[in-house]
Structures are given as structure tokens and as C-alpha cells.
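First chain written, first letter: the chains are A, B and C, and each begins at residue 1.
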């Protein structure tokens, strides 16, 4: 387990795609066990920021440290401690639920693989469907399995990119419960969402990203939802909701 | 915009190359001896070998540029690689055409599907495909990165081709490499010269044309790199212009 | 660092996890091998048609036919196997695992090589029946194996690139066929030497076989070392 504080430390992060700047100097500190929600208009670099933290993209300039390890130099060490829920499920449609988890358990070289796979399936309520191919699952079931996959190796940092997209109400409620449980387990959670109010309700701290910079960073306990919406409109010139 | 004018060094290089080429041409036609069996046709030999040599050097430079790019992604290495592959392809084409013209009187056929000639055609296709790959990728950084990987993989096939040429039996003689093969090549009767002065003249002419063609390669590369920089500058200006216009409207 | 202890090193554990996963998917869908075999059979029949059922002519070019069929069917297997990793962006999940990129490369090469070898077994059977060629000889099988390894080693690195481009499947043969011919040419020469009743002297096949081995080693190293530049961004 990583214990060095802050868990995520970003200084002056810059990312360019060719000549286009996407992130223009992002600073961010996230303590261990914090739940961060990141909002912002499309194309402002939210996913880019998350993917850099996830070791999937390399920065152009600046400093990124996870648990004290600088990226991208120590990406291979950091990878053991992070999990990602992307808008894509990142699961093999042709494999069954259990086979998918078994594969990732092997990649992470986990002990007691079979027990952990079964426990994870049970947590997300898919034990009964373990022998069915993922391609036969509903969107909600796929997303639950995605969470199971992302947390199978018990990462210290859980990264979520629009995890609520396409979920019905029941599935969304289940995801809420799962995320709360993950937070209780001491995980640091960093989530991107479109749903400002919902994101604010879940998190400890809400960030607004606009044009490649963090323009607002406030504890969720100090702001009411409608004030947050006003603040969002003020900073981005758009109405969230 | 100091680049819009020809750089002084490039200008000097261009002139030196032009003079060297004229000298090499003069030597090929007036200094080199007439070969006994082939007659004047043999003079193609100097173009053929020099072009093949430059082609090989160009692909090696592209490999080095690809490796440097992967070590540190700097656009200039990508530019060097593109320029070098382009030029290498031109020289390889020249070598093939010259070889074919020579092959007609030597083997009584324009083309022979021997392993060596087949492999050279394949090498040509391999490097032509480099541009197909580049054309299919829009993102500049990714294009440069993939092109660098491809140029390394392509060079593996060049190494295999080189070894094949050296150890598989073939109609085509080996010119570069060990003295043994060269001696065998000479024995096969393609370069029959009287010993002494005549063969010395031939060697001198060959070296002069290889040197002149190498200079041509360097000058061409320098000009091509300059051209690419101009293209890049234009694109950067375009993006800035568009950004400014959009900013003005908002 | 990479350890070549097969039993318990993280590197090989990752390689086998990827191979196991690809085999598992194939077991569920049976798509790759069936597509490759159907395509190959159609190709062989088409060639026969082109040769106007002139068995003598077909026999003469049988080894060339065999290699052409393997190369073309191979591009299907490569595209299919690497498209699987793109379908649900699963490659991202694999990349986020604490494993070396070279292990992913090697896992994919081993998996697709296995599929292609199964295809070749079918093809050898077909060719023996259709063309009456002694393809069962152990040296022939060895050359087929070595040629396949080199071809797939080049194929995985090239397909991993082409699958990320605009033209995708179309681009692969354009890049891969020229790249693989310096391997296939000597390999076909070696196989052709064994198509006569008498065994050829070793000196005759030594050169082509060593070229195939050199190509394999160089291509595997190049792919192994450059793979992370292809899959990461």
C-alpha cells in the first residue's frame, strides 16, 4: 500500500497534442482517501488529465507523482496501485465474467486468484452470471463488472471517467453504493462526471477544469448544489446539469 | 524568418556538389577506360554502383534517425528520416533502372527474377510503404513515432536482404564486401580490364563517382530538411492565424 | 528486469496470461482459425482454377502456393487477434497492468503463431492430397515453423500500428507482405529443396535456413524493444 501523502501530486502539468495545448499548467494535490470530482465542459482536457494519472498518456511538461513516485519514469511501479474505470468497459466481450477477472488477476499476479475473483463477483452481484459471456450483459451489468475489474487488485487510487454514462437508475444507485464502499476502504477516488449535482454529492472536493486549467477547487461541504451550478456557469460560460 | 532564404552553407554545398558531379561525369566518359567485353555500356556501372551505395547509406541514416527519435522525440529526427527515405528511394530507383539498362546487353534481358533482384524490388516496396503508413496517420506525434518504429523494422529486412545477397547463389555479382567476392565478381567477366593502369583508372573513377553521389545525397538531404522546416513553419503560422481569428470573434 | 526463468518470473507469467486469454477467446468463438482455414481453402481452389487444373503445373509451384496462402491467411489472423484488443479498448486495461510491454508483444506473437501453425497443419494435409508433395518431412515442418515465427513477429508489430490508422485492415498487407518477403523467399527455397524424392545435401539448405533464423531473431528483438512505442501514447 502506498502511504506517502499527498497521494496524487501534480505541479504545472502541461499536455500538448501536436501544437494544440490541452492542459496548460494544472496543479493538484489529492490526499489519501479523498474523493475528488472533476467537472468541466467537453474538450477541456478532463480525460487527458485522468489518462496521464492512469499512466496511459505521457505529459508534455510539469510534474506528476502518484504516491510519491514520479511519472512516467516509475509508471510500472505505480500501475500496481491504480485502477481505472473508463467510459469503455475494457472487458473482453467473448470471455465470461469470471474469465475476464481471472485474466486480470493473472496479469496482476494476485494470490488466491480464484477466491478473489469469486469475492469480487459477489460484491458486484454477478456471481450467478459468472459463466456468461460479457457480450450478453446489459450496460449496468457490464459497468458493475468493470468496477470489479478495476478494483480486483485493491488499488489505492481509483480513477473513474464518466462511470454513470448509460446507466439506468438502479444501476446508478448500485454504483453509488459501490463507490461509497470503496471510499470506506480507504481508496483515493478521482472521478470525472457530467452530472454536477450528483458528482458534488458524492465527493469531498469538487474541481472545475476549463480550457486546460483548474479554475475552481472547493470542499463539497462548503457549497450548496445551486451555488455550484452558478459557479460552474460563471467559470465556463456554460450551464451544467 | 531567416529560413526563407537559402542558408549560406547549403548554397556552398549545392555548388560543390554540382562541380563534383560534373567532374565525376567527365571522368566516367573521358578518363575511365573502355571495358573489353562490354564496351562503352560498362560506363553505366559507375552510376549503378554509386546510386546503390547512396541508397544503402540513405536507409541507414533513416534507421539512425528513427532510433534517435524514439530515444528523444524531437521533430528534427523525423524530418531527417522522411528526407532520407525519400532520397534513398530515388537512388534505389536510379540504381535499378541503370542496372536494368546494363542487364540488357550483359544478360540479354532487362530483368531477371533472381533472388538478388527480387529482394531489391522488395526493399523498394518496403520503403515505398513507409509513405503509405505516414499518409494513414493524422496525429503528427503518432505519425513520427510509428514511422520511426517502421523504419527500424524495415531495416531488419534490409539486413536479411544483405545477407541473402551475400550467401544465396545468384546471377548478379557482389561488388561491396570482402575481396574474395569482389575477385569472384571480376572473374565472372563483368569487368575485364588489362591489369595495371586501366584497372587503377577504373577504381579511381568508381571512387570519384561514389564520392560525388554521396555529396549529392548530403546536399539533397540538407535542402529537403530546409524545405520540411518551411512546411512546418507555414503550418504553425496557419494555426496561429486561425487561433487569432477565432479569438477575435469570441 | 526480464528473467528467463519460465516458472515463476513476472515476465513469463504475463506472457502466458496473454496467451491463455487468447486461447480462451478462440475456444469460445473459434473465429480466428475458422476464418483463416476457410480463406485458405478458397485460395487453394482459386489457384487450382488459375492453373486450369493442370496438376503438373500446380505441383511445380506448390511450395510457392503454400507460402502465399499462409501469408494471406496470416494477415486475417493478425487483424482479428489485434482487433480484439481494440474492440472494448481492452488494450488499455492490459497496458495499465504492471507488466512489461515486451511481454504483451511476446504473448500476442505466441498466440497468433499457434493459430497459424494449426492452419498450416490443415494446409499441409490439403497440399499432400491435392499436389502429392512430401510436406510431412521434419525439415519442412521446421522451416514452416521458423518462417511462421518470423512472419508473425513482424506481423504483430506492424498490425499493432496499422490497426490504429485510418485505413486499418487495408494497410496491413501493403506493409507486411514486402517486409516478410526477405524471410519467405529463403524459407520457400529451403522447402522447395525438399520436394524431390531424394534428401538434399545439408549444404544446399544451410544458407536459406540460417537467413530465416537470423530474420526471426532480429525481428523478434526489434518488435520486443519497440512495442511500447506502438501501443503507448
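The definition used in the following text is that a residue touches a chain if its C-beta (ideal position, glycine included) is under 8 Å from a C-beta of that chain, and two chains touch if they have at least 3 such contacts.
The structure displayed is predicted, hence computed values, not measured ones.
Chemist: Work out the mean Cα position per chain and let me know which chain is farthest from subunit B.
Modeler: A
Chemist: Counting C-beta pairs in contact, which comes out ahead: B-C or A-C?
Modeler: Answer by contact count: B-C.
Chemist: Chain with the smallest distance from its CA centroid to the overall CA centroid?
Modeler: The most central chain here turns out to be C.
Chemist: Rounded to a whole Å, what is the gap between the Cα centroids of subunit A and subunit B?
Modeler: 51
Chemist: Can you check how far apart subunit A and subunit C are, centre to centre, with Cα atoms defining each centre and the answer in Å?
Modeler: 38
Chemist: Mind checking the centre-to-centre distance between subunit B and subunit C? Centres are C-alpha means, answer in whole Å.
Modeler: For subunit B versus subunit C, the centre distance works out to 31 Å.
Chemist: For subunit B, what residues touch not just one other chain but two or more?
Modeler: Residue numbers touching two or more other chains: none in subunit B.
Chemist: What are the residues of subunit C that contact at least two other chains?
Modeler: Residues 233.
Chemist: Could you list, by residue number, the parts of subunit C that touch subunit A in their complex?
Modeler: Checking each residue of subunit C against subunit A gives 10, 13-14, 16-18, 20-21, 24-25, 28-29, 84, 87-90, 92-100, 232-233.
Chemist: Quick one: in the complex, what on subunit A touches subunit C?
Modeler: 54-58, 76-77, 79-80, 82-84, 86, 88-96, 99, 103-104, 106-109, 133, 149
Chemist: Within the complex, which stretch of subunit B touches subunit C?
Modeler: Touching subunit C from subunit B are residues 70, 115, 118-119, 122-123, 125-126, 129, 132-133, 136-138, 142, 145-146, 148-150, 152-154, 156-157, 159-161, 163-164, 167-168.
Chemist: Which residues of subunit B touch subunit A in the complex?
Modeler: Touch residues, subunit B against subunit A: 139-141, 235-236, 239.
Chemist: What residues of subunit C sit close enough to touch subunit B in their complex?
Modeler: By the definition above, subunit C touches subunit B via 154, 157-158, 161-162, 164-167, 171, 174-175, 178-179, 181-183, 185-186, 189, 207-208, 210-211, 214-215, 218-219, 222-223, 226, 229-230, 233.
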